[in-house]
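Structure first, commentary second.
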Amino acid sequence: MPYTVTVRDHMMIAHSFTGEVFGPAQRLHGATFVVDATFGADELDADGVVVDIGRASAALAEITGSLTYRNLDEEPEFAGRNTTTEVLCRVVADRLADRVAAGELGGGSPSSLTVTLHESHIAWANYSRSL
Amino acid sequence: MPYTVTVRDHMMIAHSFTGEVFGPAQRLHGATFVVDATFGADELDADGVVVDIGRASAALAEITGSLTYRNLDEEPEFAGRNTTTEVLCRVVADRLADRVAAGELGGGSPSSLTVTLHESHIAWANYSRSL
Amino acid sequence: MPYTVTVRDHMMIAHSFTGEVFGPAQRLHGATFVVDATFGADELDADGVVVDIGRASAALAEITGSLTYRNLDEEPEFAGRNTTTEVLCRVVADRLADRVAAGELGGGSPSSLTVTLHESHIAWANYSRSL
Amino acid sequence: MPYTVTVRDHMMIAHSFTGEVFGPAQRLHGATFVVDATFGADELDADGVVVDIGRASAALAEITGSLTYRNLDEEPEFAGRNTTTEVLCRVVADRLADRVAAGELGGGSPSSLTVTLHESHIAWANYSRSL
Amino acid sequence: MPYTVTVRDHMMIAHSFTGEVFGPAQRLHGATFVVDATFGADELDADGVVVDIGRASAALAEITGSLTYRNLDEEPEFAGRNTTTEVLCRVVADRLADRVAAGELGGGSPSSLTVTLHESHIAWANYSRSL
Amino acid sequence: MPYTVTVRDHMMIAHSFTGEVFGPAQRLHGATFVVDATFGADELDADGVVVDIGRASAALAEITGSLTYRNLDEEPEFAGRNTTTEVLCRVVADRLADRVAAGELGGGSPSSLTVTLHESHIAWANYSRSL
């Protein structure tokens, strides 16, 4: 996409992983995820934006607000799944995509979305999809 | 592009926006834009670079220098346009592309350019184009 | 102070400076200030905190909210003063100190405050005071 | 202290807080703490250092390793205490101080220590003590 | 690639460049390269990851460990080549690709790799390839 | 000091260390040092600044310019000394102090100076002195 706009928020969750590959991360632990949502578009709208940054930030904050300060192991929607950084990137992206489809971000018609979750200063993940 | 090189600079401008979507940003305000210019190429030149970092930095500094410490609302070239972060990404990218076309960056033949403007620690935008 | 807690916010303002030393910054321009407020205390309160991060963030957001998206040259309180980064550090710190004195931050009794304003990736300023 | 040296590591923990002031953070959640340990000294040793960065990093890694990938609510040493960012700064600092006292950092005689824990891109805390 | 995971490490090397375009960088000097390795995949594996972050970090650390604390001008493999930031991106990427091909990263089948080397706070480079 | 102002620059040098404690860093290697110079003052001058940021940046750039793109092992002034991060902090600070004493920073009378050198994303050092 020629144009993109990114907004940042964060969430603080507990979880554990199933699978020997995860080593000590099989224990209940936690993470701060700094969350970046990047909206892409071929053209700017009449106001000169991809999406309104205020609305995009508000939409992202509602999603991080629905996940933060929780133990994801106890959330029914994640039952039987590892809530890895990659998986949570997709969860946030799909929820944001639903909000875009519902018209919550107003004018503009972004056609792609990338969500990045930073789990520390030395590791992060992305998930990209079309809108 | 397999190879890219990025250089960073910044500019400090005043402006206002037209359009109710902008809310309080319709008032005259300002921004520091941290500006990243990313040049892409399929192959490195004989020296082993995409572009010379020194020349690329100098070219970018001339462009940020032509915009910084100004009220963009009073610059004739922006009359009637919102100088959003996205729009300014394109302005910087197009000016840099002109300099590449004029041979100012020397050897090497980058074929793509992405300009990122960071408007705060929680929001930034990109514009990408071919060269 | 043995203990400190810091919260971060930002504001985007226009202004100009008076004085030849400022060179091109005498023109109307602008800045994004990333604002850090650091509260210091000798001891933690019964909850184990210097100040409640939620309340501290809310207090800081009200102050940045009263300054952002404005042309400081037109704000009566700054008439005849240069709103340099250093000066604005003190403005934010003194307003936060008033809120602490008014009990807005709840329990805990921080005794010092430092406010840092980052004007770009290569320049920032501090102002420190007691509470 | 005229001279300081800082090394960085991180840890990923789950915990919950007791006290109404914590709002939703009373629920079990988690955090990535990026941990900075700053050693201060009046003079450099004969090698020209405050502490050996390799040894300091190793000592810090052992401490973060003893805390990471755990639910702090179930660690006996934290029973009945809120493991706030401030409290954990002190825990890490006191453990590092014990290692310095035990001679684990080799030559040099740092006389002060500050530990900073970053809980997100917008909040962090410090604890400082003498050695 | 819809999914990516990135891990970060660093290395500290000496080198010099041949070619007038490099100006003072023709002299023997040095750099800290902060190295990011980004693995991309179309799908997550059964554990919900692109690659295991622990194994990916270990593989990257072995590669940076084979380059760090060296004068690259004296390493036979770089004889007659400029070890520019771009060139070193490819060196790290190709070595990582060999380790992926050798099965060192375990399950998962990443299909692309991008390596970023940051040479300072204002300049960095990328090299991308398929796996 | 109640007020401080900081400016940032960088330098890229080669060097080696003498002393077993340095392990592989006894070999010729290199570093990018991101250099922060922090000037402190009790009061602002008549313009509302601690020091002019433009002049402070220029003074710092001349000092980093005198060190960058060099092998410090071959600089006579460092003969017989380890140019550790801590030692180089002092070198930069003392040179900046000389420039302040010579009046190069113009009006204002900063009374303290701290120089920070970041050698990587996980290690940095400070040296502080009075002016």
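In this document, chain identifiers A, B, C, D, E and F correspond to the written order of the chains, with residue numbering beginning at 1 in each.
Rule of thumb we're sticking to: contacts are C-beta pairs under 8 Å (C-beta built on N, C-alpha and C of every residue); 3 or more make two chains touch, one makes a residue touch a chain.
Not measured: the values here are computed from a predicted model.
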**OP:** Could you quickly compare C-F and E-F and let me know which has more C-beta contacts?
**Re:** E-F
Original post:
Looking at CA centres, what chain is most distant from chain D?
Top reply: B
**OP:** Among the listed pairs A-D, A-E or E-F, choose the one whose interface is a repeat of B-E, with over half of the contact pairs the same by residue number.
**Re:** A-E
Original post:
Once you find the CA centre of chain B and the CA centre of chain C, what distance in Å lies between them?
Top reply: 29
Original post:
In angstrom, rounded to a whole number, how far apart do the mean CA points of chain D and chain E lie?
Top reply: 30
**OP:** Mark out which residues of chain D touch at least two other chains, giving numbers and ranges.
**Re:** 8, 121-122
Original post:
How about chain C: which of its residues touch chain F in the complex?
Top reply: 17, 19, 21-23, 81-87, 89-90, 121-129
Subject >> Residue ranges of chain B touching chain C (in the complex, touch as defined) >> reply: 8, 10, 12-15, 24-25, 27-34, 68-71, 119-122
Original post:
Which residues of chain E touch chain A in their complex?
Top reply: 1-9, 44, 46-50, 52-55, 57, 106-107
